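After this come two complexes, each holding subunit A, first together with subunit B and then together with subunit C.
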Partner chain A sequence: MTDPVVGIISIILGLIGDTLDELFELLGLPKWLYLPTFIAAVTLTFLLALVLDILFIIWMERKVIGRIHHRRSITETGPVGFLQNVADLIKLLVKEDVYPANADKFMHYASPILIASIAIIPAVLIPYGPQTFFMRMSTSVVLFFAIATLVPGIVLLAGWAGNSKYSTIGAFRAGLQLISYEIPLSLSILGVILMARSLDFYRIIEAQSNVWFAILQPLGAFTFFVVSLMELERSPFDIPEAEGEILVGWRTEYSGLKFGLFYAAEYFKFFIASAAFTALFLGGWHGLFFDSVIYFLLKMHIVMLVMIWVRVTFFRPRPDQLVRISYTKLIPLAILNLLWVVLINPFVLPLLY
Partner chain B sequence: MSVEDIKNSTIRELSAALGADVEKRDLKWDKYVGINLLKPERLPELAKVLKKIGYAQPVLITAIDKPSDGVIELVYKFNRMDSKVMAWVYTSVNRDDPRIPSITPFWRAAFPHEIETYDLMGVMFDNIPDLRHVFLPWDWNLGFPLRKDWDPNEAKKYPWWEKTREFYDPFIIPSDEGDDIYYVSIGPQHPAVHGSFRLILKMRGDTILEAWPDFGWVHRGVEKLAESKTFDQIIVYTDRLCYGSSISWNLTYSLAAEDLLGVEVPERALWFRVILVEMQRIVSHLLWLAALMADLGTFHSMFLYPIREREKFLDLFEKASGARLTYSYIRIGGVGIFKHAEDIPESWFNDLRNVLTDFKHKVKEYLDMTEASESFHIRTENVGVLRGKAAIEAGATGPVLRAAGIKYDVRKIDPYLVYDQLDFEVPVGKRGDVYDRWWVRINEMLQSVRIIEQAIEEMPKQGPLRTKVPPAKMRGSGEGVGRTEDPRGEAIIYIVGNGRNTPYRIHIRSPTYINLSLLHFLLRRAKFADIAAIIGSLDPCMAEVDR
Partner chain C sequence: MVSIVKKIKSFILPMRVTGKYMVKKPFTVMYPREKAVVKKRWRGLHELAFNKCVGCGLCRMACPNKCIDYIYPEGLDPRDKKNLKFRRPAIDWGHCIFCGLCVEACPTKAWYHTPRYKIYATSDSRLDLIRTPYELAVEEDKRKTYEDELSKIRDLMQTDLLEAAVGGEWEEIIKKLREKWRDLWYMKLDGKLDEKTWDEKAREIEKLVLDIIKQASLP
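Coming up: the complex of A and B.
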């Protein structure tokens, strides 16, 4: 059975195409401008969808955390408080732009834009459905994690540009976090790549048509899950931001729209990390009866729910303890997973594809 | 050893060591031993003898300004870990040039008291390592506020407004000790300091080399204010001593004032007071738990669970006193009038029983979130260790001292109210780290539940709840002391009267002030991220420090 979402998407694309056709005819624009305009229109449409989804995610997170906290959370603005995020967004937009006297002005303004724009790029590398993807390339996994690794570098820049001690401490903590999660991250992906025999997300998801990699290599899935929490800088691994210790660390000096961009980047990362977990370990679009984008989105949001649950449950380790956890627990686990994959790889081949 | 033996041996040892320079002073309490020291310069010798024969801490140092005699009288109170006997040493120094040798070099616990006495009363302590202003600004030279002839208008001459930026700017601290050493200023506004005090840290990398706490950001001069208020008006100030434990401070003050004024409290009121202060202990510890957990992470879920239970206790307080935070409910002569009722209604006790039953289940929930989680253990174990003798030496009291393995609780050592008729245990830790302080306080809450349950059963069902003290009789001379176990440590209020309806001098021993001055030791060699855990484990209440 074909994916019903594909039909919807083709209708949307058709609508965009028809509108542009009429517009070009009406205004008499040159033919060569058509393709760039079409691409821009499609990108904006999907960006809008992403932003809507992120508004939903933030709403979900606030509601779920409120329930866990035994409080009601947002209720007033809009139905069940859904418009509260929009109100918050407007508040951030109209805030005064505060710029610290000692800051490096160029980097201070560049880093929020850089971080928000880079954090979203990996979203185009993930195939959301069998026919629904932006691009397919043979090394998409490598490119995906290469771009994701850039973000802590910009965090370091952002904290350094603030030129305050708390920001600098937070920024260096982000750097410390990077060196502690990068190795187990690569090792845990390696298991998936070895099993699927490909560096392409599409092939990796196709390989899980019968059985998910989370079942075949649970250790790898666990390691990747913990490591993605570290990469997201969310509680319990919100060490660079630790509110009770260094206020909000590298973000201390940023307010208003700049803070809003950091906030958006955090949720882009959240989106992308859970999408990567779904693609690598939870079989992507594969589901009961038919393959669909719906399954992908459903699994992705369930992963997010678990991450939110973890967020309100565990205590934050110290930076030195984080490195210790990573080097003495996660790396051995990832290597163990790799050995396991090498051991069972000949026997699981008939199960794949 | 009995009380009499300790008192006699104290006098004997002191006479042997100092000869005619000491003489026995008659106090109105049998359990305390009074000593007059005629030559203040021999104080260190006296203190060394007291330390040798088992006195543990200089628990309180007070200065009383007496312009008519031209002297400042100093009162040193030394406590013991094994008995209720306290040695009270009285000595007088010349008012124009008040000098006395410091006992800090061999008895660290005296340090916060001595610098406070210097700060507010202007007594110079010789040989003290670091004599500086603690509550007043560091460059203050406009007199000493607690002296009787000090004009409050003097304070207006200080350029407060110009100094503000200098105080708050964290960049004023020089760092010319090499590239790898830097200074960080934590506070005065920072979530980890639970109020406003400043902590100056000398750091290398992520490790703290030295830490200096800096108090006095919200100092209100309650001791000075109280000198112009009548005894019953002061109750309202004692509420504001600590927003977390108002009733405990009401009680400490009431005990001191009743002691001074000679007021008898009816039996039933004593029992009801026990219920109230133990409820306050639970409330205060819940607030502490919430604040510590918020600092350690969990995105505030362990912050909101204790607050949820705290609200239920606050509802009960509200039913009784009408207020949720500043109760003014324990008063001189008994307790206040129950809101909208002649007597305590039975329904209030039923509500209390239900809340307690529920609370005991909820404590298990806290344990599931904390003790069952490895992430809690790694953050708290072997962090901020202060153990055994070192804790006594440094002056710690309350849960901090008990976590260090010393079984010292004023409720057991020197029982007040009806604590000697109640059956409860004193939880004691082993290692003296943040985890043990957490463990001790959790168990104290459970012991408080036990005490309240007993008190509800054994409390007389009928009888008056207060002795009416007419304003005309609210005058007293001499001394009065209230010594209680506050949720944060040993609280003492010492009142000196001179026959008027206002106290001549009132001194408040704040346990948090002494415990927070331990940060200088606790933070040494700690990591930056441990600051929140260590400060939180001391249960700071800045309103009480800056009293």
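Coming up: the complex of A and C.
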């Protein structure tokens, strides 16, 4: 059965194409301008969808945290408080632009833009459905994690450009976090790559058509989950922006739109990390009766829900405890998972593809 | 092996607790739109079964905040012990802590709590929080609504609730005014004053008292 979402997407693309056709005829614009305009229009449409989804995710996060605290959370703005995030966005947009004295002005303004744009790039590497993906390449997993690793570097830069002790401490804590999670991250995805025999997200998802990798290698899934929480800098691993210790860490000096961009980048990362978990361990688009983008999005949002759940439940370790957890618990777990994969690999071969 | 199981448990247990609360109904009541659900044993605003009351004085004795005092019906002499059973309690909700001791002490179960919880006063008068037995009465025929504050003060002048209501530096003044008023009242009951002069003289004092109460009520 074909994916119903593909039909909807093609209708949207057709609508954009038709509109542009008429617009070009009406204004008499040159033909070489058509392709860039079309690409820009499509990108904007999908970005709009992404932003809407992120508004929903923020709403869900606030609601779930409220419920766990036994209260109601946002209720007043819009239906069930849904428009509260839009109101917050408007507030961030109209705020005064402040930048600290003696700060590096160029880096101060560049880092929010860089972080938000780099954080969203990996989204194009993930295939969301059997026919719904932006690009396919044989090494998309490597590129995905290479780009994802860039973000903490920019965090370091942003913290330094804040010209404040809190942001500098936060930035170096981000660096510390990077060196502690990078190794178990690579080791935990190595098991998936070995089992699927491919570095391509598409092939990895195809390999899980019968059984998910989360079932075949639960240790790897657990390690990847914890490590992605570390990479997201979300509670319980929100050490670089530990409130109550160092204000808001590396983004202390950023306000208004710059803070908004950081906030957006955080949720882009959230989106991408849960998408990666879905693709690597939860079988991507595979579901009951037919394969669809709907399953991918559903699984992704469930992973997000669990991440929010974990965020409310556990407390933050100290930075040194984080490094200890990473080196004495997560790396051995990941290596154990690798050994397990090597052991069971010959037996699970008929289950794949 | 045991330690591994323990560690896994230490992850699952807190997740279970938070997960339980995630699906529970929130505790918050959206108050103006939703009505608060009151428990059966809620001690709300009082009501008085006027005909059941025997004027025994136990509720005043039980009251820890001294916010209950008695009012005699018109024309009855408080100095006559035979009239004790006709007096009825007035209550100052401004001082009441809703402990329920008056309800417990009442031998005839004339006092009781309703589930009502809304209590408020207009900003310029604390008089709204003091309720006379005629306002508290359950029985329709005993119930009385006061047209103005002065007629309510006429009833309340018999009680010591007014002093407590103003408090502070005004307390002594109100006490003296009430003593003056009581002398007039007794004179009228003895027949030394005729109805008209009593009314005029008492009204003068009551106006003064009302002014003081309004002054004391200002923030």
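Keep this in mind: the second predicted complex is superposed on the first by the 353 of 353 C-alpha atoms of A that agree within 3 Å, B and C clash if a C-alpha of one lies under 4 Å from a C-alpha of the other, contacts with A are read in each partner's own complex, and residues count from 1 in each chain.
Heads up, the rule we're going with is that a residue touches a chain if its C-beta (ideal position, glycine included) is under 8 Å from a C-beta of that chain, and two chains touch if they have at least 3 such contacts.
In this text, all values refer to a predicted model and were calculated from it rather than measured experimentally.
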Touched partner set for A:Val6, first subunit B, second subunit C, both or neither: neither
Dominant toucher of subunit A (residue count), subunit B or subunit C: B
Touching partner for A:Ile169 - first (subunit B), second (subunit C), both, neither: first
First (subunit B), second (subunit C), both or neither touched by A:Ile68: both
Touching partner for A:Thr313 - first (subunit B), second (subunit C), both, neither: both
Touching both subunit C and subunit B, counted on subunit A across the two superposed complexes: 68-71, 312-314
Parts of subunit B lying in touch with subunit A, wherever the complex brings them together: 170, 182, 184, 190-192, 206, 294-301, 304-305, 308, 369, 373, 375-376, 378-379, 527-532
Subunit A - residues contacting subunit C, complex: 64, 66-72, 75, 309-310, 312-314
Of subunit C, residues touching subunit A in the complex: 14-15, 17-19, 21-24, 26-28, 30
Interfacial residue positions of subunit A with respect to subunit B in the complex: 65, 68-71, 165-166, 169, 235-236, 238-239, 242-247, 311-321
